[in-house]
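One structure coming up, written as structure tokens, with questions to follow.
Think of it as A, B, C and D in the order they're written, each chain with its own count starting at 1.
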Amino acid sequence: MEILIYGLINSVSLALMALGFTLVYGVSRLPNFAHGSLYVTVGFVTWLLLNRLGLPYPVAMLVSLVLIALVGAATYQFILVRIRGMAISEIIASYAIGLAILEGLRWGGLKGTTLTLPVFAQGSVDILDVTVDFHRLLVILLGALLVGGLWMFVNHTKLGLALKGMAQDERAALTLGIDSDRMAVFSMALGAVMAGLAALVLMPLGNIVVESGYHVLIMAVAVCIVGGLGSWTGAVLAAFIIGFAQILTTAWMGPHFQVVVALLAIIVTLISRPSGLFGRQKELEERV
Amino acid sequence: MKKLLARLSLLPVLAACLLWLAPMLAATSAQAAQPIVLGCPLSTAFLYGWDAERGIKLAVSEINAAGGVKVGNEKRPFSVEVIDTRDLEPGVPVSEALLGVEKLLLEKKADFIVGGPVRSEAALAAMPLIAKAKKISILTSGSLTPKYGDTVAQNPDQFKYLFRISGEAKWMVSGEIIPCLEQIGKKYNLDKMAIMVQDVAHARAGGGIIAKVMADKGWKVLPLEVYPTGATDFSLGLSKAKSAKAQVILIWMDMPETSILLKQWHDMKIPALPFGSIISAAEQPSFWAATEGKGEFCLANVVNAGNAPSQATPWTMFVEAYQKMWGVEPEGYGASSSYMAVYTLKDAIERAGSMDSDKLVEAMKATDLMGVYGRVKFDPKTHQVIPSLDPQEGAVGTIFQWQAGKRVVVFPPKIATGEILLPPWMKDAK
Amino acid sequence: MSAETMLSLKGVTKRFGGVQALTEVDMEVRRGDILGIIGPNGCGKTTLVNCITGFVRPDQGQVIFQGRDITGWPPHKVADAGLTRTFQVMRPYYSLAAYKNLIVPLFSPRARRTGGWRGGGRMGDRNTVAVDILEEIGFERDSYVPYKTASSLPTGYLKRLELARCLALRPDLIICDEVFSGLSMSEMASMLPLMEKLRAEGVTLIMVEHRLRELFSLANRVMVLNFGAKVCEGNSEEVMANEEVKRAYFGSEEVFEYV
Amino acid sequence: MEAVIQSRRKERVDRGIKVRTDGVYAVSSWREITYLVAPRLLLIGGLVLLPLMLSAVPYWQKVLSIICIYSLLAISFDFLAHFVGLVSLGGALYIGIGAYTAALLNTHLGLPPILTIPLATILGGGICTLLLWPCLPLRGVYFAIVSLMFPLLAARVIEALDIFGGTDGILGVVGLPNKWVEMYVLLGAVLIILFGLRRLVNEDVGLVFRGVKDNDQAVKASGINIITFKALGVFIASAMGCLGGAMLSHLYMWAGISQFALDFSIIPIAATVVGGGGTLAGPVLGCLLLVPISELLRDFGTLRIAVYAVILCAFIVFKSEGLMVYGSRKYQQFERWVQI
């Protein structure tokens, strides 16, 4: 029974981590390797606002989300836009930005294990002899809310449809008058906010540590590849598959194979179906 | 054309002379009375790194204030050169740390290596390098692998310059953790234990030894739960322990995520006493704030005493001096051992009366110094500090328990300042 | 199946998801033939070529080449067996010089075995063999044309380069996928004798074309495809007369009698 | 007075000497010979003399060996990415496997370094090719991400199964006699490989590689199995990486799972991008710049990586074509304003 509940929690958290990354890659074909560092920055900035400036928790959260949206937009506007198109340089540049932010945080005082964010709700409840604390239930709720919200936004708002159009075919979107660069800036900002939201929801479970930046990046990449680069539904489904696979291996084979599972999932998917579950790249390329 | 060719061919040459110039800048700082340079390759972004660095700097400032070290007849001050080896960071090759050690030896002309690379993997890798440079090295923080002492014992002449002043896993398990577990078992008649370790060689080995020994002593021990570095969800293991009615959860992890484990333990009200054989997250005074008090009743083992406020030996003004200089109580277990290492060096140099490595090795072997955490004596074969339970006999470890925001020393009995308490929800469950 | 049948297809069908590209196509080509394949756009001509040359695996049916069943073989094994093709969308190596483009096929196991178009590929230096082949298909040897990079060559020369790539393997059968399309009249004029020469050399040709006048002057048999199905086959006169073909090409006025 | 905007534009014209010495070489005067040979000589001479120049500061000689190891990796990445079309982010896999093979051969079979290094290069290359074989049909980003995952997986597997000494790694690997041997073996390897690859790329085999990169469909149609050639390309690249790995394990007399670290994948690629992709000599120049910079920043402590990342980002954004390409363009052309 606990496998079901903890599997669900693990999957929702993986989905939260991956959503921002998929959004950015889907819209502008830009693998944003700075995703993990945005995640950690939001946690750290919220902590600073909360403890140093004494802002109330919701206000601190809001301010940090706005800040991270600006940071996301700025990285695209001033840095990534100049190297669009060169695949390797994009990966390295975004990874370098992520590295700079993470190590800058480490120098700025994010050392050791002393920082954490308060939990939304205290206490825990027993469901069918499995004790689950409120915050984890909230994670599931907020995760579902976020995924639903994103789906609504993308399918039912003008801006969202423009983003989706850009994802399918950039040139066609250009002909319809959608300015691809402005859209990409917006998608980076939105992706950063998604990362921020994931951080605010998941950080209270543990503490704010720089290493979680790398961990989040690897998990986000794993989920996006298995789900098919660029497809949101694929990413959510893949998050569930990997989430449950991890919990199952922890339950039966022992926890230390947990990370191996995520890495194996990537390699096996790529070899068997390179485009992932819902990806479209491969079919197009195969047709001669 | 000529001008251009000259100007342009400058480009590849620029790289070469950039290389050539750099060392010149670094090595020009001349000093007055030739100071003794202490090279400290530490991972300064991590607990075991910066607490060792602070311990060393505290000791050096005290010694220099008291006039420095008497080498023969000349008084020479200590000077500290710290290099960030980043060896505790995942994804960083150990060659980075070894490069740092070599920078200390070759460029900064370090006379001694104190603190040593922190991770056991890097410490082992650095042994041949330091031995080749014939410099005395005292390992004080981070690595606990008994392999360090065994390697010194296997080829004494090559590694005779390498010492370790902090505890090592074998004694820590047999000499401190097992007796403490037995004491708890007798006091509250507990006899069922779950073990959670990090997926690192020394953790798995330590966990395995404890499981075997405790099983022989009649305890029922659940199979080992091994967690990869960076795991963030322990709920499954904890619920397994709860359903198997384990009364003690032994934790051997030196990664920051252990505070998540304790938060989940508190939220899930697991009726078992968390016993941290190695739990770096819980050693710090800031652990209480990080877990918002949920980490209460957690026991943590600090390899050498003096880190937690205790009356181990008369030399307890270390805690006050540390607090005065750095504004916080000593954190990791690397602080007091590094502090002692500098004093041991001073004592050895003064006894040997010279800086020659071989003479110093003899002096180090004959060290018998009353230190912060008991008597510092080195085992002639493994160059390991001789541990014991009694501060008069040897170096004493400490196990403290978090009680109401304070770290209370509960083991060994000779220096205990408080009793071991059980979490409230455990009493009714028993 | 007489010995001199070069290639025969039996019931080849291919479906891309919902799209039925080929249905039950049967075909037979004898040695020394020039078979023309014509049909309106999107009738599955290129898919047929892809199925034969292994770029796409047919769902059902068989492809037999010189008595061996090569259905589903990977493209490089098909080419190794002697069945080469040119691409409708030309695929030269743009960064390499024209004659260097031929080094790749001359490096293949088949070219090493058979020694390339005129032999000598085994022992001789591949560059000279490449320039010989280029000269044979119309690149002037002493001009700088063979030494220019492929990206700076006009379409006519690129089409010849595709053909040269097939010749380098000393092929038994060449499938030309719309070689004539996009050529000016003068380039067309020089290509036709080239095809005649190839046939004289004993190479069988399958020409997938839209320019019917030139095709009919060359091909001794023509096959018509429409919506993935074979409409009819025969020599050029029979095909021209066939009603089905006219409707397929020129459309037909459906006259509705109002009752 | 509002400035009159004359319409003028910058024009780039080949230098006279370049035109004369381009293509079919009509080398007639010493000036033309020096023009052609100078950059190459400078590179070889510089590299050979560097250890002697650094003898005053032994630490930087050790840094030089690390530079050579990184340049081996950078050349192998550049060769694969630019001439075979496979973007492999898995430099760490080659280093790790090379280091482990050399260490195992040395400790278990007791072979001297003279034997273990060549053996580890060939054996390691074979193992890496076998490991990457199932991923060869992949293209573009997919191959890159798979190859990024392999070293992480290898490190985790060794850690989980506790083989080859688990997390402690293998100790007691025999070192090299003295530091001059270390440096000149590495320098020699870099130079030989650099000019060997330059030669290979223009040979027939090299043309097939470039064909596979340009248009693998056309190569398939000309009867060549591209998988075997991609495998050959991966073998050459991984052999170079394993050579670096073997040297590293002998340099530090140790081999462990941290040799699968991410840095070995990222820094060579950064050096290639900074130095200039596709020129093979560019990555070496990139390493010559990036590795010393990261050493110089070592006194910055934790800020070191942040500054290093910012420098890297600046290079990529402002000089995205790489120094070598920029340098050779400046060397061969000059610019002037032209009235329209």
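Definition applied: a contact is a pair of C-beta atoms (placed from the backbone, for glycine too) under 8 Å apart; a residue touches a chain by one contact, two chains touch by 3 or more.
Everything numeric in this text was worked out from a predicted model, so none of it was measured.
Steps from chain C to chain D, minimised over paths through touching chains, total 1.
Taking each chain's centre as the mean of its C-alpha atoms, the one that lies farthest from the centre of chain B is C.
Two chains share more touching C-beta pairs than any other pair, namely B-D. Mean C-alpha positions place chain B and chain D at a centre distance of 38 Å.
The centroid of the Cα atoms in chain B and the matching centroid in chain C are 75 Å apart. One simple way to say how far apart two chains are is to compare their mean CA positions; for chain A and chain B this gives 36 Å.
Chain C has its Cα centroid 50 Å from the Cα centroid of chain A.
Residue positions of chain B touching 2 or more other chains, listed in rising order: 45, 91, 199, 228. Across the assembly, chain C contributes residues 55 that each touch 2 or more other chains. Under the contact definition stated at the top, the residues of chain D that touch 2 or more other chains are 156, 159-160, 217, 301-302, 304-305.
Taken together, the chain B residues at the contact with chain D in this complex read 1, 4-5, 8-9, 11-13, 15-16, 18-20, 22-24, 26-27, 44-45, 83-84, 86, 91-96, 98-100, 102-103, 106-107, 120-121, 124-125, 127-129, 145, 147, 151, 199-201, 204, 228.
Chain C meets chain D in the complex at residues 53, 55, 74-77, 79-80, 84-85, 87, 91-96, 100, 103-111, 126, 165, 168-169. Of all the residues in chain B, the ones that touch chain A in their complex are 45-47, 50, 89-91, 199, 225-228, 230-233, 235-237, 239, 242, 256-260, 263-264, 267-269, 281, 284, 286-287, 289-292. Residues of chain D touching chain B in their complex: 15, 17, 31, 34-35, 38-39, 42-43, 46, 50, 53-54, 56-60, 62-64, 66, 156, 159-160, 162, 166-169, 171, 175, 248, 251-254, 256-259, 261-264, 285, 288-289, 292, 295-296, 298-299, 301-302, 304-305, 323, 327, 330-331, 334.
By the touch rule above, chain A contacts chain B in their complex via residues 2-3, 6, 9-10, 106, 111-116, 118-119, 123-124, 130-133, 135-136, 205-207, 209, 211-212, 214-215, 247, 250-251, 254-256, 258-259.
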